Structure formats: structure tokens, C-alpha cells
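This structure is in C-alpha cells; I'll ask about it shortly.
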Amino acid sequence: MKREFLLTAEGVSKSFDGFKAIDDLNFHLEKGELRTIIGPNGAGKSTFLDLITGRTRPDTGTIEFQGKRLTGLREYEIYRLGIGRKFQTPSVYNDHTVYENILLGLEGPRGVWASLFQRISKACDDRIHEVLKTIGLESKAGHKAGSLAHGQKQWLEIGMLLAQNAELLLVDEPAAGMSDEETAKTGELLVSLAGKHSLLVIEHDMVFVRQLGSKVTVLHQGHVLCEGSLEHVQNDERVVEVYLGRKGKATHAAT
Amino acid sequence: MKSQISKRELVLGLVAAFGLIVVIPGLNAFTPESSPLHVSNFSINLWGQYLCLAIVAVGLDLLWGYTGLISLGQMLFFSLGGYALGMHLMLKIGRLGQYKSDLPDFMVFLGYPKLPAHWVPFAEFWFSALAVVWVPGLVALLFGYLAFRSRIRGVYFSILTQALTYAACLLFFRNELTLGGNNGFTDFKTLLGFQLADPATQRSLYIASAIALIAAYVFCRWLTLTKFGKVQRAVRDSENRVLFSGYAAANYKLFVFVAAAIISGVAGALYVPQTGIINPSQMEPSKSLEAIVWVAVGGRGTLIGPILGALGVNSLKSWATQAMPAYWPLLLGGLFMIVVIFAPRGIVGLGNQVGALLQRRKSEKTEDPAP
Amino acid sequence: MEGVGVLFARPLLCFCGFINEMRNSSVSVILRFLAVVFLATGTSAPAMDQYEQRARALFVEAVVAPESSQSLLLENLVGSAHPCLEPFLQGWQREQIFIYQSPEGSKIPILKVEENQSVRILRVDTGEELKEASGSLAAWNPEWKAVETNSKIRRSLKNTIDLLALGSSSPSDRAAAALKLGLKQSPASLPVLESRLSQETNPSAKAAFLDAIALVSLNSENPDQRTSALQRLGESASLPARDAIKRLADDSTQPPQVSRAAREALQTIDTRIFWIDFFGTVFRGISLGSVLLIVALGLAITFGLMGVINMAHGEIMIVGGYATFVVQCVFGNGLAFAPFGLSMNIPGFGFDPSSAIYQSYFLVALPVAFLSAAATGYVLERGVIRFLYRRPLESLLATWGASLVMQQLFRLIFGPANVPVASPEWINGSLNVEGVLMNYNRLFVIVFAAAVVFGTSLLLTKTPLGLLIRAVMQDRSMAGCMGVPTTKVNTLTFSFGCGLAGLAGAFLSQIGNIGPGTGQTYIVDAFMVVVLGGVGSLTGTVLSALGIGTLDQILQTTLRNPVIGKVLVLAGLIVFLQFKPSGLFSAKSRNLEES
Amino acid sequence: MKKFLHLLSTAALLLAGSLTCHAADSGTVKVGVLHSLSGTMAISETSLRDVLLFAFDEINAKGGVLGKKIEPVVVDGASNWPLFAEKAKQLLEVDKVAVTFGCWTSVSRKSVLPVFEKDNGLLFYPVQYEGEEESQNVIYTAEAVNQQAIPAVDYLLADGKKKFYLIGTDYVYPQTTNLVLLEYLLSKGIPIENIGGGLRKDAEGKVISAGKYTPFGHTDYQQIVAEIKQFASSGDACVINTINGDSNVPFFKEFAASGLTAADCPVASLSLSEDEFRSLPTKDLVGHLGCWAYFMSIDSKENDQFKAAFFKWLKSSTVPGIEKANRVTCSPMVLSYDGVYLWKAAVEKAGSFDVDKVRTVLQSGTITFDGPNGLNTVEKNNHTKKNVYIGETKADGQFKIVKEFSQVYPQPWLKGTFGK
């Protein structure tokens, strides 16, 4: 009998103008698991997130979340099932204050009418400040998000995910453009979230991946190359071929 | 725009409202013509019309300034509102028309034997008053639903709204639509039993327009205070993020679009009895573009801007079409180009122009490139 | 006497050129024929035979008679008409017959024949050139008063010419003449027709004569004759006869076999009409589509490729139109106009309107239109649009302002009225395929559109410039990094798009009017075409243009209403975009998905 | 605070703007000119302004009216109908003009009508129109349907035409005119199937619209011309054309291109005068018919004087942006001109500018003016009796007069008068 997964992708393919971004991808994520996806550029990492979050639709295959079929749902519907996403390039509302950004992310009713008559309760306010504390932007609550530094925007976006309190967090290159120290903090944060939430992290920075110390999935040309602990993966010769192989060739050329 | 109402803003608002609703009509009613303070019936009527146009501008700003949707078909809803009330006014002419007939004149000389069925209920004021709201609302709802659900946005949305009003314009020009064709409706006599020719009636219409304008302003201002307002501006700035924060952006847009349409519809209904005519030329695409000019010149994204824009540009027009007809279009066009290029925030925004520009540059870097 | 023929031939030949002016090509052919005849007989021309003399005499009598009795005299002339009168009858129709008061005071009617530069004066009575007493050729004298005509006289003239046309050399003209005569349905014309028929050799003309005779005998007392006539007309499915047949079909007093025959004939004719309408509609659809295509092509570049919403597109088109107008004037007698109140004057070459060189002004106008529009586009791009590449919506607004300004500038320069652009003769007239009319100007538009599209796609795909353009349009910043001079390319592309618009304008001047507001009438359609076609796809633009055009025409015929069709098309478009929000053909890629 | 100051200052400014004071100096009388000097109708209406200003100068040069010089107040309707109403209000309520000359399109007239009736103003309307109207505040110097369309049809009938194709722009003038013509043609024994363009019937089968209608600025006449070609194939056909302005160019180009000529199928155009010909390729129109109360080619002393004086005036005119090159005169211009003199005559007879007094005199049927178009008489029904001419277009954009109906009595109410 087949185990219950939080997120399962089976036989998913997607191509743009003939270019196969995702090719017969099979992927399973357990509840509460923290998973890191690595892979060279164009391996289809971001496209995979697009497919999960409904930004694009797969040509073939199915994606299920808690047994619910995601394919065909619209972004906000998928979100409401409990899937939050942080983009590769930080996307926050530059014209809104940091506080408002979190407020917009905050879990709760999303309907038009609700938004018209909803008041900001004490509880919400506390929750927002709590989140702001966790991401260390409390001092900037009143500032426009547009005025934040790149790293801070990343944090803010993560903050919005926290506020949303989603079941599954899709985090695309959270550490990009962060100082080592910030990166470390981000790592801790993500690790601490695992268990309560399930996380799917896409990352290049191997140091960061090691810090996460999670199970790793290597994507290559749109399908899973191999899966396992970081060590296991790094010793897999196909991976070496894909990653280091090039380097190897390069060194040959050099000599 | 600040998300709290400051005391000062409140006071100023009340003063302005008082000035518009009480003082000016008062000057018209209770001062002798000779006195320098006197406001002539002519200017009251003219102002009434401007205020109606200002209402449209406010609605348009709600769309453009706050939601980032440029509708090039706003005057369509204005006209629909106008027609809805116009039908009532036509029926109220009764036997006072050229033909002394129960039918509206144009039906007589187009040889209609009796009133078409869809005209009948408009004899009731309440019915057409409702129609003023639901007809534009419904059209906006249908079009908006189709447009937003298939993610038509940006320039595509603008072009489609233009096509919509253009198509409507062609349609209303047809006489077989039984809406007066090119002549439209005119020669109105009474509204709710009051003689439209009577200065008092015109004054009341002016006051009604002023109240409507302030109501529209208050509504939009309130909207900006709610969470809705925040989502609305979020949609404008980064729609994708909104979607991935679980908001059905389409519904929010639809709400705003319909609201703006209804606002315009009401404006149209108030406008018609004051100008005394409604016809399809109001739906010509250029008319809606003019409305855009008011907002752009006044300053979008601020609610006071569009009002000033509408009043300013129109009084300028009134003056220029007389003083320098040959150069008026040059003036309007040139003014518009300059504003769009160098003062995207309009006259109101001129102050913090530089800052705004820098802001814009930054934000665009991160935004998705719209095709 | 030998020279006479030649003498005639020249003016007559040059006539043909001149007559081409009127869209009555049959006439010109007749004249060519006559000219040839005269050349042939010229060598051995006997003295004018008595028929010719009589004909001329009668004609002169008619010319000098008071206006009231002129048409009557002309009717008498019909019986004894003679080919030699052809040019003079034609001349009178166009008020080219004048009265020359000879020194001895007698009125001599003369015909004024304008050759490219010189003027020749022919005596009506002799057909020879008018000579002074001295014997030298008389010079043209503007004092001479033209013999006026009115529609009544022109009709009589026409009848005479028609009758003469029965003997024309071109079968098609003989056929046309026969039918005209037949439609009059006067028994009097039967003998003429029958005698002609007996001599007729050309099958199609024969058929026409038979139809004509049948038409006439529809009125005969003998029902059998009527029936056979009906059957005849049914077989030939003659369109002109329809009314006459219908009359019989509706006439209840007719004996049964007649009315049956009538109904059957009507049946066959109506089916033919149906097919004519059908193919006609398709053709017109394609031609309208081509117009839309030409109009939208420029947009497909500026909007489709560059993402600039140029609301002044229509006005830029009209720049091309005005350029065409100016070129035409320069070929003609120049142009006097008052830009901003100060009067200006552009001198012209003063070519004769009928001359081939004048006729070819349009070919010169095309490049001029392209360049002037492109130049305007250059200014617009440098002055306005370059500030707005990042703000497409605002480019829309600013360019609308520009369009207002341009419209008013047109008014101030060329005046508020439309400017008259006369189409060259060679795109007038129409091709008749089995009753389906294809106007040359429409055929021209189709060919023209095809050529322009072809050229554009070549430029975009095969030339280095095209490569650059596409590179920049795909990704400005990237191309910039790769050292592509993006600003230059932007300007070039935009100017090129505007140039195409200019061509469109030059073209519109041939089928529509050119005025300050003309641009507005096309702008919405143009945008629709591009949006429907899918941004950045030439193929899409072509298909959507042709599609919209044909659909529009089909709806127009089926709904018998020129507007509802247009409205439905617009509505249908909005619905269509539901299913394909990015148009028929859209360059599908992640970039677009993100927007 | 700034915003509010903005508001106040604008408000003040606007008030000031609309509160211009109007102390008309006693030596002059204010007269309104209400035409579109911009927008689509400017093409036609600007000429009317010109001729009116000319008439005023002419009169002022001869000492004015009742010793007062005419002071024209020119306003621009901008082809925008609500604006027409606004400007009319301004003329009557702010400038307090004694009389107004203006309007071209029916819709502009209809939009100002309530204003004139409310403020009891006096409007002289100079352009051929559909009739079915008789306001106490309007003097119609224009051709009524029986002074233009009917004579044209009579001429064509006399010319042996048996089939009539009706085509027009879709607005009230063509619609109404064609309905009248339909009744008239039927009464003349033309079978209904010989009237082309299509009929629209209501539920009861009553014809409510005859003819083919295209919107303003329509450009694609292929389909329609093809239809006409078929319609005319059996001979003796003609077209009654009430297409307005611009659209005539594509129509006639298509018409000519499809090989139809004035000889096979003449087009009688009711909205094309010499002034429009300036912007038409007239060679496509040679032989086609026009029908007006005035042609520039009328050969009379008055007309020659009028033309000479007008062109002289144009040369010296200082009106900004006025066209001086290749100008012509046409019926609406001359009927405007007549209007001015008819008003002058009435005022002088009444000895007052008072609208009511002037109206009574005008309606006495005794006010006449012998203008460039012959004798004009204001009848009791506020319309004028005048000559009607039929002309054939010539390549030089002039008309050759082929028939004259002298002193036709105006009948604005024609519908239903011909019976079946």
C-alpha cells in the first residue's frame, strides 16, 4: 500500500516552445519534511514551483496536495489550500509599509466583502508584531517596503509566509543577496519551521544547503536525477558529472 | 494617500462641502443680479455639469490611480446612466412635444405606431432611477467578468474598453435601437413634476450633483482606509504577489470596475437634465480619453486631484473654445503630453515630483515587465 | 484626299487616351476601331459618301438648333447614324463642341480635341481641321462658347452612340449595346437586332443579341413566343432581364405555361444571383481585410514588437495621405495653401491630367508617403515615446495627446476640409468574372497589401536590421548588454512602423478620403486586428485582418445592415479573447506568462 | 491646507470666469453666431460663420440696424451637442443677444431648441432639414423637404426613372426624408419593389424605415455599391443620396470604380453643395444631380454682386484662421445671408429688437428679401418661400442649372400627406 504524502507529483511534464522545462517529474514530500532542491540553472526548479502554485499548468501528469488535485486550480485557490510561496526575486508591495505587507499576508478571510468590513483586531496586531520580531524588521514597521535593502525584502517576504502560517512553504533561493550572517539566521529560521510546517527550499549555495542538513533532491533537465542526504548526493557520479563534471572538463582545458 | 483621516483633512473637507452645497447655490438664490457676489443661473448650470464630470473623474481615479486599470470606456457608463434617466424624461414630455403626441417625438417622425415594450416601465421614476444604477453596473459586471477572468490587463484592458465604448457608440447611432439614434434625447420638460427650465430646479440639480460628488469622494476615501483599499493598491503594484497571497485579484478588480461604472452612471443621470441632451457622441472613444485627461492632469492616486482636474480642464475648455477655438486642441493635447511625460502625478503631485519619480524608477526594476 | 484618313486617325487615337478619362472604356475601343478603319480606308478614301454627308448635316442641324428641340433632332439622327459621328457625339456629351462664327457670319460647329499639349479643332460638317480664311490652321480661341447639354440631350446622344455601338468592333461592346436596346423592350428595335444577329459571329455577342430579342418578345402578343423567350432568358440566366421576367411572373393574367416558364426563369436567375453575391462577398471581404491589414501592419510593428501603444497611428497614416495629395498637386498645377494663415504656394509641373506621367503620380507618392510618415514617427519617438518605454499605458495617453495636436496641425496647414485625391485611371474600372465584379482598386489593395507584408517579413527575418530589431524587442536590457545600440534600434523600428502607416495612408487616399479626422476612423479597428492576431506575430495580424474583413462583409450581406456586423465583430472579439487571451498567434514563452 | 487652497482658488477662478460682466454699449446690438468652428462639423459650418460676419460688416457699413451697429458674438459649438446647448444658454442668458444665427445638424438644432423656447430667443436656421418641426422661436430659412427632395424626385421621374435607390447616413434627416419620399413615390405609382435599399417594418407590418443607412464617417461602401449595381442593371434606375459629409468620398469613389456613371444611374445628392465639392474628387461626380435653393452658378445681378462683395471681403478679412484661398458660395451660406437681411427687415418694420414684436412681423408674411437666390418670403409657418434649382455637377465643382421651380411654398409637415 502507498504511503500518504503531503505533496506528490507524478509524471509531470511541461514544455515551452518545444523546450522541455519539466520532463516526467516524480516527486514526493512528507508532512513536516524540510526538503532542498538543487540543480544547475535551467534544471526546472522554479518551473516546478510555478507548476505547484498554479502559475503555469502542466502538459501532462498530476500534482496532488493532501490528496487534493492541484492541476487546474487558480493561484489563490491553491494558496488557500495552504501553500505559500516566496519568489526568487523578492516580490513585496513597495508602496505599502512593512506592517501592511505582513497584514496582507496574514492568514484569515480573503474575500472582497470581508476585506471591506474587516477591522484589525488586537490579536492580528500582536501576530503581526510577533512576525516582525522574528524577521527583525520591527523597527521598520512604518517604512515603505520599497525602501528596504534586498536582504530585508527577502526577510519581509519570508515574514509574509510566516504570517500566512501555511501548511507548505515553497522557498525559492531565500539566501540570495544576503550576508553570511543573515544567511545563517535564515537557515535557522527555516529549520525551526520544519515539523510545524513542511518546506520545499530551492537553493544554490551549498553551504546553506549543508546548514539546512535536509534530504536533497537533484533536478537535472526537468527530472529527478537523484535523491538522498547531501553526502549521498555529492557522491553520486551522475551528479558529479552534472555539476563537477563540467568543472573537471574546465580544469582539463586549463591544463 | 494617508491611511488615517487627520482632523485637518476632516475640517477642510467639511468646509469644501459647505462651500459647494450651501454657499454657491446660496449666492445664486439670495443675492441680487447686480451684486458682484451673484452667481448667475448660467454659471450654476455650468458648474452643475462640471461637478458631474468631476464625479466621473473620481470613479476613474479609483480604477486607474488605485487599481492600475485604465478604462478608455468610462463615458459609456456615464451615457448609459444618462440614457436610463433620459428615457424617463422623454416620456415625461408627454404631449408638450412638437407633435403633441404621447410618443417621444423621434418615434413619431420615425413612424412608430406605439411605445416599444422596453420603454414602458421607464415611465416610473423609481424604475429609471434604479436603471441608472443597474444598467451600467450590469454592463460593467459582464464585461469585467469576462475580461478579468481571462487575465486581460494593462493595455489590452484599455484597448478592449475602448472597443466596447466604440461598439456601443455605433450601436446607439442606429435608429432601430429605438433610442433616438444620432439625435438621442432632448427637449426635456419636467423632472419629478418640476419644470427643468425653472432656475430653482437647475439649482437643486446643482446641489444634487455636489452632494453626489462628495458622496463619491467619501466612498472612495473610505475604500482607501479599508483592507480592501490595501489589496487594491497591492493589485496595482504587483498582481502576482497578490495572487500568491491568496487574494482573487479578479474579484477585487471586478468590484472596483463595477463601482466606478455605477459612479459614472449616476454622474451621467445628473448631467443629462442639466445639459438637456444625451446622444451617442458621448460614447465616442475620444470623450472617455478626455476623462482620462482630467485625472492625469489633476493627479491620479489622489482623490482631490481628479476633481480639480475635471473642474480645471473643463472650465479651461469652455473658455478656450471661445477665446481661441483654433488652438484649443493644441493646448489640450500639448498640456496632456507634458503632464504625462513630466508630471505623471499631475498638478497635485507636482510637489513631491522628484521623489515620486525616483520611487517609480526603483519599483519598476523589481516589477514584472508587462508586455 | 489621301491624307484624310490619317488626318482623322491621329485626333481619334489621341481621343482614346482622352476618353479613358470617362470610365466608359467601350467608347474608347469604338474609337480605336474607327481610327483603324479610317487608317485602312484612308489610303483609298473616296469622297465623303452621301450617308456620311447626310449624317453630318443632320448632326450640324441638331447642334445649332435651340436647346429645346435639340434632343428631338438627335432622335431623328438615330436612323441615319454613321460611325464618323462617333467622336462628335462623344464630344458633345462632354461639352467639347463649340460654335465658330465664320467671318462670313455662318455658324460652324467645331470639336475641340485636346492632345497632351496642343489643341486641335475639327469641323463637324467636314471632319477636317478648321482653317482660317488664309488656309492656315485656326488657333484655339477661348471666347468660343461651348454647346451646352442637359441630361435629356445626353440621353439622346447616348442612344445614338449605343445604336452605333451595335456595329462596334469589340464583341463585348456589341453585346452591351444589344442588351441596352433589348431592355427598352420596344418592338421597333426587333428588325435592327435580328439583322445584326444574322451577321453576328462572336458567340457571346450572339447570346446577347438572342437575349435582347427575347427581352423584346416578352411583350409579344403570342404567348408561345413569350414562353420561348422566357425559356431562352432562363437558359442564359440573364441578370438584366430579371425585372422584366418578374413582371410576367407576378402578372396573374398570363396564361399558365407563360407564368410557369417565368417562374422557372426567375428561379435560375436568382440562384445565379446568389452565387454572384456569395463570391462577391468573399472578394469584398478579402479586400476589406487587406485594407485593415495595411492599416494595422504599422501597429503590428510599433505595438506588437515594441509594446508602444501609439494612439497617433491614425494621424501618422494621414501624414502619408497628405503626402500623396501634395505629390498629386505637384504633378498637377501645384498647391496653394495657407498654413497658420500665411499663404504658401508649391509650384507644380503642370502635367496634363490625362498624360501617362501624371497618371503615375501615385507610384512617386508611395515612397514620399513612407518617408514623410517615417520622419514624423522619428520626431514622435524622439520627442515623446522614448521617455515612456517602461510605461506602455502612459505611452498610450501621451500619444493620444500627440494625435490631438497633429489633427489640429493638419487643420491649420491644409484647412479643416478633406483634401481631394483623384485616383489614377488605371485603378478605376472593374473586372467582371461571370457577373462577379472585382474593382481594380480593390484588386490593387490586395496585391499591395500582400507585397507590403512580404517585404516587411523579409526585412524582419532576412536582414541584419531585422535581427537587431527582434533582438531588442525580445529583451531590451539583454540586447543592450550585448552591445546592440538599443535606442537607435528603437527609433529605427518605430520610424519604420510609422513609414508603413504612411503607405497605408497613401493607399487610403485612393479608396477613401483624407482629412484631419480621418485617422480616428481606423484606429480602433487597427488595434483590434493586432490584439486579435496576437502581439508580435505577423502571421497572426494577416489572418486576423482577413478574418475580420470577411466576417464583417458576410455579416453585412446576411444582416443587410452595414453596422450590426461591425458591432458583432467587436463583441465576438471580446468573447474570443476569453479563450485565447493572447490572440491567435502569440509568441508563447515564460516572459509572457509572467505578465 | 495646500489642497484646500487649490480647491478654493480654482473655485474663485471659475466663478470669476463665468461672471464676466456684460454692459453692452448702447450703440450696438448683440447678435449670436452659433456654429461648430472645431470638430467634425467645422468643415461645413465655418463657411457659414464667414458669410454671417460678412453680412454684418455689410450692414454696419450701411449704418447698421435701427441705427445700431451689429456686434457679433461668435461661439464654437465644437461639433459637441451638449456644448451647443451650453453655448446657446450663454448667448441668451449671459450675452443677451437679440437674435442668433446658427446650427447645421438637426441634432444641434434639437439640442438648442429647448433653450431658445425657455429663454424666448430667436434662431435663424439655414440648412436643409427634415421638416416635421415648427418652433415659434426658430425661423427656418432652410429648404424643407418639399423644397429639395420632392423637386429632385419630380425631376428624375420626368427624366423617365423607374427605380429609386435610397441611401443615407443614419440620422434623422435622411430617415425622415426617405420616409416622405417613399410615400411620395408610391403615390406616383412607383411599385414598392422598385424602391431599393431595403425597408424595415414594425410588428404591424408598417414601414418605419426605408433605404440603406450607414453611420457617420463610414468608409466601406463595396457591399452597397455592388447592391446598387445589381439594382441598376435593368436600367432606368437612380439613387437618392442623403449621405452626410466625409462618407461621400468613399461612396462616389466606389460608385465610379464599379463602372456606374451618371448616364446609367444618376445620383441625386441632397447634402452635397459647392462647398463640399472643394474636398471631393469632382470628376467622379460629373453629371450627378444636386438640388438646392441656390447655386453659385445662378446667373443674376444680385448673385454676381454678392459673390464679388463676399470674395472681396474675404481678401481683406482679419478673422483669425479664416480661409481665403479657393472659396465658393453655396446654398446654406446664402440662406444664412438671407436670414440676416430678413431679420433686419423685420426689426426695422417692428421698430424694435424685441423678439415677440419681431416674430409677429416675421409671421405676418410680409417680410421679403431679394437675395442672391431670388426672392425669399417668410411665411406664417416660420419657413421661407423661395426658388428651388436642380443642377448637374460639372468637373469644375460647379452646378449646371437644368431646372428651376420658382417660389415653392414651404411645407414642413409632409408625412402622411400623400396617402397611398
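So that you can tell them apart, the chains are marked A, B, C and D in the order they are listed, and the count of residues begins at 1 in each.
Just so we're on the same page, contacts are C-beta pairs under 8 Å (C-beta built on N, C-alpha and C of every residue); 3 or more make two chains touch, one makes a residue touch a chain.
What you are looking at is a predicted structure, and each value in this text was computed from that prediction instead of being measured.
K.L.:
Considering B-D alongside A-B, which chain pair is linked by more C-beta pairs in contact?
P.N.:
B-D
K.L.:
Compared with subunit D, which chain's mean CA position is the farthest off?
P.N.:
A
K.L.:
Between subunit A and subunit D, what is the gap in Å from one C-alpha centre to the other?
P.N.:
Each chain reduced to its C-alpha mean, subunit A and subunit D end up 73 Å apart.
K.L.:
From the C-alpha centre of subunit A to that of subunit C, how far is it in Å?
P.N.:
It comes to 66 Å between the two C-alpha centres.
K.L.:
Let me have the rounded angstrom distance from the C-alpha centre of subunit A over to the C-alpha centre of subunit B, please.
P.N.:
The mean C-alpha positions of subunit A and subunit B differ by 45 Å.
K.L.:
What whole-Å value do you get for the distance between subunit B and subunit D if each is reduced to the mean of its CA atoms?
P.N.:
34
K.L.:
Would you please write down the residue numbers of subunit C that are in contact with two or more other chains?
P.N.:
Subunit C, residues with two or more chain partners: 411-412, 563.
K.L.:
For subunit A, give me the residues that contact two or more of the other chains.
P.N.:
55 - these are the residues of subunit A that touch more than one other chain.
K.L.:
Considering subunit D alone, which of its residues make contact with at least two other chains?
P.N.:
38, 170, 213, 215, 320-321
K.L.:
Spell out the residues on subunit A that touch subunit B in their complex, using ranges where they run on.
P.N.:
So the residues of subunit A touching subunit B come out as 53, 55, 74-76, 79-80, 84-85, 87, 89-96, 100, 103-105, 110-112, 115-118, 120, 146, 160, 164.
K.L.:
Could you pull out which subunit C residues touch subunit B in their complex?
P.N.:
Subunit C reaches subunit B through residues 307, 309, 311, 384, 387-388, 390-394, 396-398, 400-405, 407-409, 411-412, 520, 524, 527-528, 531, 535, 563-564, 566-567, 570-571, 573-575, 577-579, 581, 591-592, 594-595.
K.L.:
Which bits of subunit B are touching subunit C when the two form their complex?
P.N.:
Contacts found on subunit B: 70, 143, 146-147, 149-156, 158-160, 162-164, 166-167, 170-171, 173-174, 240, 285-286, 289, 292-293, 296, 326-327, 329-330, 332-337, 340-341, 344, 364, 368-371.
K.L.:
Touching subunit B in the complex: which residues of subunit D?
P.N.:
1-4, 6-8, 10-11, 13-15, 17-19, 37-38, 75-76, 78, 80-83, 85-86, 89-90, 93-94, 106-107, 110-111, 113-115, 118, 130, 132-135, 170-172, 175-176, 179, 200, 202, 204, 206-209, 213, 215-216, 320-321, 415
K.L.:
Going by the contact rule set out above, which residues of subunit B touch subunit D in the complex?
P.N.:
8, 12, 15-16, 19, 24, 36, 38-43, 45-47, 49-50, 98-99, 106, 108-113, 170, 173-176, 181-184, 186-188, 196-197, 275-279, 281-282, 304, 307-308, 311-312, 315, 318-319, 321-322, 325-326, 328-329, 347-348, 351
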